[in-house]
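Below are two complexes that have subunit A in common, paired first with subunit B and then with subunit C.
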Partner chain A sequence: MKRLPVRPIAWVLFAAFLVLLPYLFREIRVHIAIEVLIYALFAVSFNLLFGYTGLLPFGHAGFFGVGAYGAALIISHFPGMPLLATLLISTVAGFVAAIVIGAVCVRLSGAYFALISLSFQMFLFAIAYEWRSVTNGDDGMSIARPDLYLPFLGKISLQNFSNLYYLTIILVALGILGCYLFLKTPLGNAIICVREKDVRASFLGYNVFRVKLTAFAAAGLMAGLAGGLYAIYQEVVATTCIDNNMSMIPVLMVVIGGSSYFLGPVLGAAFYVVFQDWFSSMTGYWMIVMGGIFIVIILYAQGGLVSLFAPEKGWRWRKEHESDIEGA
Partner chain B sequence: MGLGFEGYVVQVVHGLVYGMLLFLVASGLTLVFGMMGVLNMAHASFYMLGAYVAYTLSAFLGSFWLSLLICPLLVGLLGVVIERFFLRKAYGGGHSSQLLLTFGFFFIFGELVRLIWGGAPLSVPAPAILAGDIQIGRLTYPVYRLFILLFSMLVLAGMVLLLTKTRIGIIIRAAVTDADMVGVLGANVPVVLMSVFGAGAALAALAGVIAAPFSSMYPNMGADALLDCFVVIVLGGFGSLYGAFIASLMIGELQSFGILWIPRLALVFQFLLMAVVLIVRPTGLFGEKE
Partner chain C sequence: MKAILKAHNLFKDFSGVQVLAGVSLEVFEGERHAVIGPNGSGKTTLFNIITGLYRPTHGQIYFYDQDISGWPAHRITRLGISRSFQIINVFPKMTVYENVRSAVVSKLNRRSNCLSLLSRDKTIAEETLRVLDLLSLTDVRDVPAVELSYGRQRRLELALTMSRAPLLIMLDEPTAGLNSEETRGAVRLIRELTEGKTLLMVEHDMEVVFNLADRITVLGYGVILATGTPDEIKNNEGVRKAYLGRK
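Right after this comes the complex of A and B.
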């Protein structure tokens, strides 16, 4: 008897579930789904650096924040700007910031890289915090979510949560697909090659600096898009978008979800947000439990949660990363 | 600015006080980094735990001095437990696992403090003998801050003596330079490492206890101290105790005068300085060239 193609069937069911989600759940659940999607894109962008390039950025919220503030500034100063153009600007802002900051950061590795990315994020945070006339400091900027105008379809109100959900899922899916395709290009292979051994990669003729910078810029670009979507979803952008807590969130998500599998961060984001929602209704101290899970995964199951679904990856020590993130 | 000479002196001493506290915290961090190449993110949590445990202990025992003695021991023990039973297991997973593991603890301690002591700022009263101000010439200065300064200098002197004059100190300094070689020469490096980790945690807790009466404590104090410590060990050079000392005093003064002169730019400047040093001289301003 022929074996059922379990995996494709599961994917189709899952896709159908995502499409029908606004009809299956109450509004509050759809909001959680939107949050999962935005964080999923943010976590995938983080993992381009962590899992694929072997760099651990402690300041990834910098680009998320640049995207969010970019969108908020455009919406408040140019109210007529089409929504998709606003999001494009967020994305480009994340990209440009990442090129500039990355040109400095990627020269370093290991703990030095972690710290320099953190210091740039804190630098951006300090600007957002202190430049009150532009950013309104820690009170944050309130923005009205604009409507979406599409050719043929006309005006689509995003006050309707299912429309907002569909917009978010389409853009996030495109972003994640973009990351996936990017990693399949020769350049994506070069990134993995650099992770495994950068000296060897440079002997093969790769410009290690440029390869790392490309990965950094791609990560910043996707984080910028995630930030822009976050601004539109939340309708308020404050320094919490760009502070070190926001930088720590993708670290937790990616480690918990599993960094050695492309969709691990997505699972991690879903787990994090749903867990937060579920647990914080019982206790405000869900973060302790999350931290405990994080430590158990680091110690005993470095494949992360995703390895439950990807048995070929197995629950194992990720030995191959030993040489990537070194202290000195 | 309307500061007279006295004003400047007070400001300089403020900076020294914070700088010395920062050094007590950063010293353990930089030694552990030197020995095992791990940036211990949980380290500043020990400082925070020191302050909070002192809050409870001094209320319970009714004595600040007793908690000054007991609190670092408790937190030092916690450090030993973390090193022995958690970090040591992650050695096989490379530096990234260790860094992430300490991040996990940093995270948990911050939340635990919120759970146990709540989010509102707390403070410990200074012992009666150190309360009030002292008059030196035309200057008045809080006695307690001078105590911090003297006490931390005593600790520093003890540390210097330990590290330069004793056998264990020589082993520790050698292990910072090359842990493998020290192991080959017959020292029990894992035990040394565990002790240094614990002692570093105890020192950070000590700083937390003596900081408790002069600055209020809040659940984010660990994160704030951690950021300052990062700046210190970057400026001072990873693994360099002497560099950490100079850098701590620099950051203390920078914050003391920065808040006075450029309140809105002090924060920006500190991180810009850190970034510039990392780019131009990754071994730190005072670190040895590799």
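Right after this comes the complex of A and C.
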């Protein structure tokens, strides 16, 4: 008897669920879905560095914030700018910021890399906080969500939450797909080589600095897009989207979801946002519970939640890390 | 004969400890050249300086008359010098195939390509399979490197070195940790792979050295004691006293 192709069927059902989501749930739930999507892209971009390059950035919110502030500044100063162009600019802003900052950061590794990336993010935070005439300080910038104009379709109002949902899911899916395909190219493979053994990579002819900078720039680019989408979704950009808290969010999501599997961060983002929404409606102490979950996963399930669905993968991940430690 | 590699008066200090004190060395095109010496005599340091892992404190290195002293490792590698490591240095979580493919990508200068998928590239795939076949690793191509037996990992290490089709092959103790049967196999393989090519190797096992090398350089605590053919080295009084006699 032929076995049912379980995985393809599951993916088709899941895709159908995503497409029909605005019709299945109330508006408030769709808002949560949009938030999940934006954070999923942010977490995937973080994992390009953490899971694939082997670098742990503690300041990834810097690029998210650059994207968000970029979008907010364009919308408030150039109201005529097409929405997609605005998002393109915030994506490029994240990319450029990541190249400049990354050129310094990726010379370091381990704890020093984490700390210097944190310092740059705090520096960007300080600019957002202090430069009141431009950023409005910690009051933040209120922006009106622009409408989307598309050829043939004309004006699409994003005040309609399901339109906003579809715009977000298309751009996030393209971003995540872009990351996925990027990792399958020779340049993406070089990133994995550097994570695995940077000395070996350089003795095969790879310029380790350039490879790490590429990963950093790609991560900044996707974080910039996520930030731009966040600005448009929230209609307000304040220092909370470029602060230390925002830097820790992808760390939590990726560790909870699982960094060794490409979609682990997406699962982590979904879990984090949905759990936060569900639990914070019951108690104000949801962060304590989230912290507890984080500790349990760090101690007992380093493969993250995704290893529960793909146990073989999670097992392999742990086994290899154990052998790394023995070998050291 | 033409020298492919010339090291001139190399010095290396590690925070005050002088590991190399004026080492000069020539490797001729087409020869198999071995560097031997007791533990701590600076063999691996010499290798690391030539290949760009360390900078020399003093001295120059020429590769085909080009001064490469102080160049970073990836640039030296791209010139055509490929090395292996004494301690296995492969990509542990990648499969054997992915390991070799990563080297082949670099050799074909596709490193910066971010617009086409690796798995779709026929040239890369063919070249990778050729190298796997050459090193008899085809049967374990889908096994992650970390799960290979030690002997196979050694062969993968060699495969990564050879897949760049280097002009100068540098092997750092290629038989370290192998049993005598595996060593014999490795010597045969290295002989095959380096036929007509230039090899510079560091090796502890004297049987391997006298089996493979056309010329031998003896290093003793940072200075060169002697250079010559295996017979000359065997009969060299100074070398016997310093090194061979103790065995």
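By our rule, the second predicted complex is superposed on the first by the 314 of 328 C-alpha atoms of A that agree within 3 Å, B and C clash if a C-alpha of one lies under 4 Å from a C-alpha of the other, contacts with A are read in each partner's own complex, and residues count from 1 in each chain.
Going forward, a contact is a pair of C-beta atoms (placed from the backbone, for glycine too) under 8 Å apart; a residue touches a chain by one contact, two chains touch by 3 or more.
Since the model is a prediction, treat every value here as computed from it, not as a measurement.
Visitor: Between subunit B (first) and subunit C (second), which does A:Lys184 come into contact with in this model arrangement: first, second, both, or neither?
Guide: A:Lys184 contacts subunit C only, not subunit B.
Visitor: For the three-chain arrangement built by superposition, which of subunit B and subunit C touches the greater number of subunit A residues?
Guide: Touched residues of subunit A are more numerous for B.
Visitor: For A:Val199, is the partner it touches subunit B (first), subunit C (second), both, or none of the two (neither)?
Guide: Only subunit C is touched by A:Val199; subunit B is not.
Visitor: After superposition on the shared chain, which partner residues are touched by A:Ser76: those of subunit B (first), subunit C (second), both, or neither?
Guide: Touch partners of A:Ser76: none, neither subunit B nor subunit C.
Visitor: Using the touch definition from the top, say if A:Leu115 reaches subunit B (first), subunit C (second), both or neither.
Guide: A:Leu115 contacts subunit B only, not subunit C.
Visitor: So, does A:Asn207 touch the first partner subunit B, the second partner subunit C, both, or neither?
Guide: second
Visitor: Could you tell me if A:Val251 is touching subunit B, subunit C, both of them or neither one (first, second, both, neither)?
Guide: A:Val251 sits against subunit B, while subunit C stays out of touch.
Visitor: State whether A:Ala126 touches subunit B only (first), subunit C only (second), both chains, or neither.
Guide: First partner only, subunit B.
Visitor: Overlap the subunit B and subunit C contact sets on subunit A and report the shared residues.
Guide: The answer is residues 323-324 of subunit A.
Visitor: Okay, in this complex, where on subunit A does subunit C touch?
Guide: These residues of subunit A touch subunit C: 181-182, 184-190, 192-193, 196-197, 199-208, 214, 316, 320, 323-324.
Visitor: Which positions of subunit C touch subunit A when the two form their complex?
Guide: Those residues of subunit C that touch subunit A are 51, 53, 72-74, 77-78, 82-83, 85, 89-94, 98, 101-103, 105-107, 110-119, 121, 124, 144, 146, 160, 164.
Visitor: Would you tell me which residues of subunit A are touching subunit B in their complex?
Guide: Subunit A residues touching subunit B: 56, 104, 107-108, 110-112, 114-116, 118-120, 122-123, 126-127, 129-130, 244, 248, 251-252, 255, 285, 287-288, 290-292, 294-295, 298-299, 302, 317-319, 321-328.
Visitor: For the complex, give me every residue of subunit B touching subunit A.
Guide: Per the stated touch rule, the residues are 33, 36-39, 86, 89-90, 92-97, 99-101, 103-105, 107-108, 111-112, 114-115, 223, 227, 230-231, 234, 238, 264-265, 267-268, 271-272, 274-275, 278-279, 282, 290.
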